[in-house]
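Each structure below appears as structure tokens.
Here subunit A shows up in two complexes: once beside subunit B, once beside subunit C.
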Partner chain A sequence: MIGFWRTHSSTLITLFLLLPALAGFFGLFFYPMLLTVILSFRPEGQAVGWTLENYTRFLADPDGRWVILLTFILSLGSTALSVLLSVPLALILREKVRGHRFYRLMVLVPLVVPGLIGALGLLLFWGTRGWFNLFLLQFVPFVQRPVAVNYTMHGLIMFYVWLYFPYTCITTLSSLESLDRSIEEAGEVSGATRWQVLRHIVLPLITPGILAGSVLTFMAAFGAFSVPLIAGGNYRPLAVEVYKQISVPIPARWSAAGAIAIVMGALQVIFLSLYMRFVRRGGSPQ
Partner chain B sequence: MTDVMIEFRDVCKRYGTLVANDHLSLAIRKGELMTLLGPSGCGKTTALRCLTGYIRPDEGRIFIDGQDITGVPTHQRELGMVFQNFALFPHMTVQDNVGFPLMIRNLSKAERAQRVAQALRLVRLEDYESHYPRQLSGGQQQRVGLARALVYRPKVLLLDEPLSNLDAKLREEMRFEIKEVVTRLGITAVYVTHDQAEALALSDRVAIMNRGRLEQVGTPEEIYEHPQSRFVAEFIGLSNFLEGYVQAVDGDTMVVSVGGLQMRIPALAEAGPGQRVLLFLRPNEVELLRPDDPGGANVFDARVEKVTYLGDTLDYRLTFGQGLTLRVQSDAQRRFGQGAPVRLRFPRVRSWAMTSG
Partner chain C sequence: MRLVRAYGRAMWDARLILAYTLLVSLSLFILAPFLMIALRSVGKGWFGRLWLPPQLTLDWYRWAVEVGNIPEVMKNTLIIGVIAVAVSTVIGIFAGWAFGRRQMPGKEVLMAIILLPRMIPPITYALGVAQIFYTLELVDTYLGVALAHVSVCAPYAILVLSATFEGLDERVLEAAGVCGANTVKRFFYVVLPLIMPGILASMIFSFTHSYNEFTLTLLTYGPHTVTLPVRTYLAVGDGYWEITSAMAMLMVVPSLLILAVIQRRAKPEKLVGGFKGV
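Our next item is the complex of A and B:
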């Protein structure tokens, strides 16, 4: 017994120290995950038996497939717009213009403000009686009626961009700042215009940074819940759909909700692994 | 004036209160390798950046080949430039790096390939076309940089401390390589460095800068043999300075009193008796004699304070006269130990008149 302790003491101490973390991991992550997986294969409302019905019903239903498609449209659309917004913004911010520290801080604001608060603010601002439409009606000629933004698809994408573009912007900025400026000078001396330097030298070199940031934006947008819940109107992506299954029908449809949640998780894992493969193969020049 | 390729005319550049270029006027001839030499912060890099267009001078004009390019954007100036940190495009192969200026100029693929091969042959890197910069050594990367700068046959080649990121041995090799390539192409080159040995070895002419101003412009020999100011003499090579005053002027020579001793040296045109003068001696321009060697004009007794063995030479610190110290280097054939008495002979002493104060 004492001999065993002598030879394995460090391993035992390590295990002992890991115990709280393992317990937390098991209780807070693994057990609920396992329960959701089991639940998704149970017939609705029953504690025994196995079935694929929860999956087949959701995936065969045109509404179900529309929810998946909508989730992709929202998250890919907002990711693309985030990239288009982040690259020029990062190019400006790296020039150390007057007040650039303040602007950098402003970029982070959407990450600091809780999504729910942000969404409410956006709803108020863009509503038919919000400042945006008041301005349009007051000062822009030929605008007779307020422009609909809230509860529309383009409005939702815009809200997503506001909430999730900082991930892309920050990583783009940091990869821009790690670039050696004399490389750009070499390009210009070689006869390239600023635009050609951007296209042939800067953009290829910061592409890995843009990709790394945009995948964060994509994942955040894919899993978005509170914003589409209160600002999405009839546009309900996967996370809202899961919530709907346990909040609207009586009794709550836990098994259906579990199946949709598992589909959502699986899609995220598939997308992420495809992305990693793409980046490893050709996205990175280094 | 037609043989002038680059001209700085009264160029000024200030950063707040710091004056980087103070009324810089300099003409560089066609096919000449001109070095801008000076300590860091002397304005040599600012002058080069004015030439590339990365910095706009506050005043003055810059001409290349007779054309005023002060307001011309960088990419239209038709320059080639080699950078201190190589500044290669890390995502492109050697071939694409060197071919970049040609691609920008819309040359056909076939002509591009041919010219790139030619440029790489010039810097002896034919077999590295498909390598990426990170796969090359520092010296190879800088040769790629040189090939990229030369591939479209620019009017002017600019080199911004191109060797300072290389180790000492490679630096010396690359020095000759650059010199050879530039001479072979007959291109006008502006070379910026703070390394005086590099400047002397490479240049057709050297422009020495200090605090934004030109101190002296001349061939390496002129600069070394006839420095026009104490700054130049101190910056180029090793120097001894002795202060004294003129006792008498006798035709071509004058007698200068230095630390209680009398030296006869060539007269300065503007010097009369009482004029304070600064004497200047290179450490290898002093002869060391045995104490029993015959005396004569400009021969003085001295004592060895310190000897340092440098391989091919010995470096002595000597004291003589009243509190004068002198650094002398002589070949290792005749040795004097520490504390030994010696005799000094000054075959050649240069001097400047000092303004009072």
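Our next item is the complex of A and C:
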């Protein structure tokens, strides 16, 4: 016994240190996942038997396929817009302009504030009685009636951008700030214009940072639940659809919810692995 | 081509104006929702095309406290947050030490596996967590909701703390040993001050995640464990926007305090969790 301890003590200590993490992982993630998978193959409301019906029903339904498409439109649209917003923003914030501390704080706000409160404020601001429409009606000619933003697809994409662009922006900014300025100076000395420096030196070097940040934004937007739940209206992405299955019908349809949730998780993992592959091949600098 | 170049030069000349336009409109975009919530929470009789509410009142706050039961909800949220932070910090310290400072085979793979919950949408395993907690009767208990939060918080704690421990310089410890410090002294006077910022950062981030966690709470809460995000959701469902706004104002205060601490003490990159484990 003591001999065993002598030879394996290092391994045993490591194992002991990892024990809480592994217990948490299996108890709070792996086993629940397994349960969800099993549940999704059970006939509705029964603890025995196997069926594919939950999947076929959801995937064969045109509404189900629209939900999947909608989720991708929302998450990819908001990711693209976040990148378009973040890159210029990070380039400006790097320059330490006056008040840059305040603007950096602004970028952090949506991360720290509960998403539901953000969504509530956005609904109030962009609503038909909110300041946005008030401004349009009073100061912009030819606008006779309020413009609909809330509960529309473009409105929802904009809300997503508000909530999730900080992931992309912060990651882009940190990779910009770790960039060596002398490389850019070398480019300028060699006669490159500012645009050429930006296009051929800075952007390729920060592309991995941008892509990594956009992955975080995509994951958050794909799994978004609270915001579309209260601000989505008729646009219900996958996460909301899962919750509807267990909250609306009586009795709750846990198996249907499980099947949709598994489809959702599988789609995210497949998409992310394709994306990472793309990032490793094309995105990283040589 | 000349036109493009002239256009480019004009843009470059106006770069300061352009930059500030972008920054100011971004700030408006971010802050306007909170301004609207703040105005709505103190306004009375605010209908039609008015920029500001015609009358001011604090009634909605009274309603929020009395009917919305905000003090009770705040207490629940804090208790759950503290339990979740404690559990995930313990997990993070143990696992972070193993990942940051010990040799083991397959470290990268194991790390990727433990960080896997960040790659899967929470609703997927929240369904299973709810099922388990129903059988264990953990639903509607502080411990149950807090444990559900741990599944989100712990990966961040492990990520932050393993980076902290990895950055601990072996030579500093040796120097302390050479100077005659024994193990206990070394721990309290050298190791602890060095790792304290990392542990604090991990605790702040875990708390933020627990404070904002909605999906897992919604599937495990009950009448005795209503937390702030769930309370907001229920209030939005009730449709009284003024009272909901007053509640939101009360809830946003702790978030802003956290924001101030993060701005001073920690690197924001860590808040988004880095991308080591993605």
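Worth a mention:
In this section, the second predicted complex is superposed on the first by the 262 of 286 C-alpha atoms of A that agree within 3 Å, B and C clash if a C-alpha of one lies under 4 Å from a C-alpha of the other, contacts with A are read in each partner's own complex, and residues count from 1 in each chain.
Keep this in mind: contacts are C-beta pairs under 8 Å (C-beta built on N, C-alpha and C of every residue); 3 or more make two chains touch, one makes a residue touch a chain.
Every value quoted in this text rests on a predicted model; they were computed, and no experiment measured them.
Of the two partner chains placed around the shared chain by superposition, subunit C is the only one that A:S174 touches, whereas subunit B remains out of contact.
Of the two partner chains placed by superposition, A:L156 touches none, neither subunit B nor subunit C.
When the two complexes are overlaid on their common chain A, residue A:I183 makes contact with subunit B while staying clear of subunit C. Between subunit B and subunit C, it is C that contacts the larger number of residues in subunit A. Overlap of the subunit B and subunit C interfaces on subunit A comprises residues 194. The part of subunit A that touches subunit B in the complex is made up of residues 180, 182-183, 185-194, 196, 200-201, 204-205, 285-286. Of all residues in subunit A, those touching subunit C in their complex are 10-11, 13-14, 16-22, 24-25, 28-29, 31-36, 39, 85, 88-89, 92, 95, 97, 99, 101-118, 120-122, 124-125, 129-131, 134, 137-138, 162, 166-167, 170-171, 174, 194-195, 212-213, 215-216, 219, 222-223, 225-226, 229-230, 238-239, 242-243, 246, 254, 257-258, 261-262, 264-265, 268-269, 272, 276.
Taken in their complex, subunit C has these residues touching subunit A: 8, 12, 19-20, 22-23, 26-27, 29-37, 40, 47-49, 51, 87, 90-91, 94-95, 97-98, 102-104, 110, 113-114, 116-129, 131-132, 147-148, 150-151, 154, 158, 208, 211-212, 214-215, 218, 228-229, 232-233, 236-237, 241, 244-245, 248, 251-252, 255-256, 258-259, 262-263, 267-269, 271-273, 275, 278. Those residues of subunit B lying in contact with subunit A across their complex are 52-54, 73-81, 83-85, 87-91, 100-101, 103-105, 134, 145, 148, 152, 158.
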